[in-house]
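Across the two complexes that follow, chain A remains constant while its partner is chain B and subsequently chain C.
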Partner chain A sequence: MDYLIFSFSLMLVYIGLAQLLHIQFGLAGIPNFGVVGFWGIGLYGTGVLYVVFGVALLPAILIASALSAIIGYLLALLVLQRSGQAILAATLALSAIIATLVVSEKDLTGGVQGLGTIKFPFGDMANRNFVFMIFILVVVLALVWVSARLRDSRMGRQLVAIRDNEELAASLGKNTAATKRWVFAITCGGMGILGGMSAPLHQFLVPYQLAPSITFAVWIALVLGGKGHNLGAIVGTFVTFGLFDILIETYAPVPAEQAILLPNFKLFCYGVLLVVIIMFRPIGLLGTDGPKVRQPAAKGAET
Partner chain B sequence: MLILDAIFIGLLEASPLILAAMGFTLIYYLNGFMNIAYAESITFGAYFAILFNVVLGANFYMAIVPSMLCSGALSVAVYLLIFRPALNRGVGPTEMIILSVGVSFMLRYGLILVVGPENLFLNEPNITYLQFLGIGATNLQLIALALVLLTAGILYWMIYNTGLGEQMRGLANNRELAMASGINPHRTSVAIWFIAGCAGGLSGIFTGVFAQVAPYMGWNVILITMLVTIVAGVGSVRGAVVAAVVAGILTAFITLVTKPLYAEVVLLTAFIGVLTIRGARTA
Partner chain C sequence: MRLEAQNLTKAYHAHEVVNIEKVTFGAKGLEGLIGPNGAGKSTLMGLLTRRIAPTSGTISLDTGAGVKQLNPLKSYEVARVGLIKTNQRIQGFDSLTIRDSLRLAATPPKDEGLTSIFAGHRDTDEIEEKVARLVEAFPFTDRNGYAMSGGEKKLLDILRCLITEPKLLLMDEPTAGLPDDITRSVMNMVREKVLAGDMRVVVVEHDLPLIWEYCDYVHFLSEGSILFEGEPDEVKSNRVVAEKYMGV
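Up next is the complex of A and B:
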């Protein structure tokens, strides 16, 4: 049961990350390939503050995610006005820097030996892992609600305008660069919060947790579910993480000698799914849902 | 002496990177997207070398050419089966990168499912240690360096001085015009993907022979290859060579001065800095 609660909590974290990526990439068109970096700043920031400096868990999460947002803002200042491929490479590089620093700064992070242990909050409550899962659920639902509201707001339309044609949006008097920077920084801070909340889930932090596989798992989930659909992140995570990591790894009758290969088989399937979806349905399973405004069709408009 | 050491070690370390960056640049230039699956050209090159060298028992030097050709053939197969249909469907550049991540996962984990996740070792030919002016190197390292420089030279000549190179540059710059001038885009693309795959495979063979052959070896160098290529400017093979050499020497120098891990951090930070100043320049 504890294992199932852990898996579901982790799945909620993935949904949250994919939802934030939906804002960054689906709405604003910023290809952030450094998801694990910002998540990792939250994770290790919380861990270091909690274990080394003795800060309580919730303030530690907030400080760490603020740090994540600041680093996101700084990176945005540097590369956000460059081409998409440059942003992609720079964010990927940032996540590699974070992973390397975690290994090299042994005094703070414990290096490869790891850092621990981070306990659940709420003291001695009996089902505190379950309560913590509900806490994550509330945060993630809030996130989904905010991003749904965001898309229909002025801000959201501005983001979509930037994604589709930034010069045009700028020529209409919008400060597109600043908008993008702030949205990027805030969503990176959100990834930091999710990272901080993962710290008590993992309890013991090792640098291996910062491998780029999380970035790709989140990307695959989002692209699969539909990057432009507000529920795409949820559906995509259920199809990937929910199906493979929870259903198959927990319940499938796999002989022990094949069980080691199961994660590899899972990632192989992710690859195949990704190729199939981009070739045959690039908008994802759910497609896109536009802003909820009924516009009368213009006369003579092509349908 | 420190500088000389750094330059020499840097060149040795950069030699697989030079090849990888050249191949990566060719595809980036021709098709306009970063092919993350190129990492698997590198990995598979090394695994083909294992096939010929360890399983079939050929001499290491004899195994180089067939492994390289196999890697090239794999690259062409991936292009024909996946990337060409996707490009014809009008998939955008960012989606192409995500697609190539998918292809990369498929190939890498497919390989692990077939071969297993263990690290493998190539049977190296007998190694002698040579010293020259206080700098030591093994004969294998020197042969590798010479071969890499030779291959890089041939590639360079091919791109800037032959008909194929001209056709490629024509297609990359203006596809319609190139096709109207009678260039067969299909044939040129296949040739370029083949050559890029061969370069990646060779890069993988040398990375593998100096350390071990592992499923993640290509993946571990693809980030640095990508950054080198972007910093060099899209489609500039000259730039890719220069940037790869500079990256190698810089890494070697910082490694000699401080901890190896800091070399990576400094290098990556420097790359972000260059991206900021120059952006992703198109050739």
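Up next is the complex of A and C:
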């Protein structure tokens, strides 16, 4: 049961990351290939503050995610007005830098020996891992709700315009650079929050958790589900992480000698799925959804 | 509203495309800018709206409330001053409907911040009305859908600029790709706004009959410099213009 709660909590974190990537890439068109970096700043920032400096868990999460947002803003200042490839390379590089820093700054992070233990909040409550999962669920649902509101809002419309034709949007008086910077920074802060909330899930932090595989998993989930659809992140994560990591790895009656092959089989399936989707349905399983706005029918609508 | 360029030059690899001692736009109502292909008309338009950085020279805008130097401004800041340019090439926002595209252009930037995420309504009645008036004035195939043909996209581009209520509108070849009757109704709408004193307009065109019909003043640009300026009749009968452009 504890294992299932852990898996579900982790899946919720993945959904949250994919949802934020949907805002960054699906709406604003910023290809962030350093998801694990911003998540990692939240994860290790929370860990260091909690273990080394004795900050309580929730303030630690908030400080760490603010740090993640600030680093996101600085990176945005440097690269966001450059080409898509430059953004891909820079964000990927940032996540590599974070992972390297965690290994090299042994005094703070414990290096390869790891950092622990980060306990769940709520003291000695019996089901505190379950309560914490509900907490993550609430945060992720709030994220989904906010990004639906964003899609329907004036700001979301501006983001879509920037994604489609940034130069044209600027020629109509939109400060496209600043809008993109703020959206990027805030969503990177959100990734930091999810990272911070992952710290008590893992309890013990080691640098290999910062491998780019999380970035790839989140990207695959989003592209499968539909990068332009508000629920694409949820569906995509269920199809990938939910199906393979939870359902098959936990419940499929695989003989022990073959079980070690499962992770490779999983990667194989991801690859095939991705190729099929990109070839036959490049907009993802759910496609794209436009703004759901009830425009006032005529004059005199209520305000 | 007077847009003035002085000693303006633009060179690509020592090849000078634009070299203008002094030119003033927006003083006369509806102005035309004509010239042979490669004269530097589009480059000049790009320079004036700060989409292209000049090699040297100054651009300033007299808004009536003081003179503003445009050189240090970014493209979006120039637009906010009220200087807007329609595009020669077809451009658009592929995922926005005709109405959304116009609503976007009509919405002031200060209303598009983070707080708009939690606003009850997306667009005010005022904006909806403006959009409806423009959309219904033209024969779009699907008024609630997307711009279909190249012509519709070109028309939408011009309407998008008009709905921002510019003080000075630069139109880069508005007839290219548009059917004749649509061009006329656009130009009539533009002329009405100019006569009402809402804005000044500069039209870059190869369609000379249109220039003669609508413009109050015409600038002739050739090989990067303004060679002649005057009323349409003066330009028509000018020898330099005839030799360099009309091939007489």
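By our rule, the second predicted complex is superposed on the first by the 292 of 303 C-alpha atoms of A that agree within 3 Å, B and C clash if a C-alpha of one lies under 4 Å from a C-alpha of the other, contacts with A are read in each partner's own complex, and residues count from 1 in each chain.
Note that in this section contacts are C-beta pairs under 8 Å (C-beta built on N, C-alpha and C of every residue); 3 or more make two chains touch, one makes a residue touch a chain.
These numbers come from a predicted model, not from an experiment.
After alignment on the shared chain A, the placement of chain B and chain C results in a side-by-side fit free of clashes. Of the two partner chains placed by superposition, only chain C is touched by A:165; chain B is not. Looking at the shared chain after the overlay, A:14 reaches neither chain B nor chain C. Of the two partner chains placed by the overlay, neither chain B nor chain C lies in contact with A:241. Of the two partner chains placed by the overlay, only chain B lies in contact with A:31; chain C stays clear of it. Remark: in the superposition on chain A the angle formed at chain A by the CA centres of chain B and chain C amounts to 80 degrees, rounded in steps of 10. Of the two partner chains, chain B is the only one that A:275 touches; chain C does not reach it.
Of the two partner chains placed by the overlay, only chain C lies in contact with A:155; chain B stays clear of it. Of the two partner chains, neither chain B nor chain C is touched by A:39. Superposition on chain A leaves chain B and chain C with their closest Cα atoms 14 Å from each other. Once both structures are placed on chain A, no chain A residue is touched by chain B and, in the other complex, by chain C.
Of all the residues in chain C, the ones that touch chain A in their complex are 49, 51, 74-76, 79-80, 84-85, 87, 91-97, 100-101, 103-105, 107, 109, 111-114, 116-123, 125, 128-129, 160-161, 164.
Residues 146, 149-150, 152-158, 160-161, 163-165, 167-176, 179, 182, 186, 288, 290-291, 293, 295-296, 299-301, 303 of chain A are the ones touching chain C in the complex. Contacts from chain A toward chain B in the complex involve residues 31, 75, 78-79, 82-86, 88-90, 92-94, 96-97, 100-101, 103-104, 216, 219-220, 223, 260-261, 264-265, 267-268, 270-275, 278-279, 282.
Those residues of chain B that touch chain A in the complex are listed here as 33-34, 82, 85-86, 89, 91, 93-95, 97-99, 101-110, 112-113, 117, 223, 226-227, 230, 259, 261-262, 264-265, 268-269, 271-273, 275-276, 279-280.
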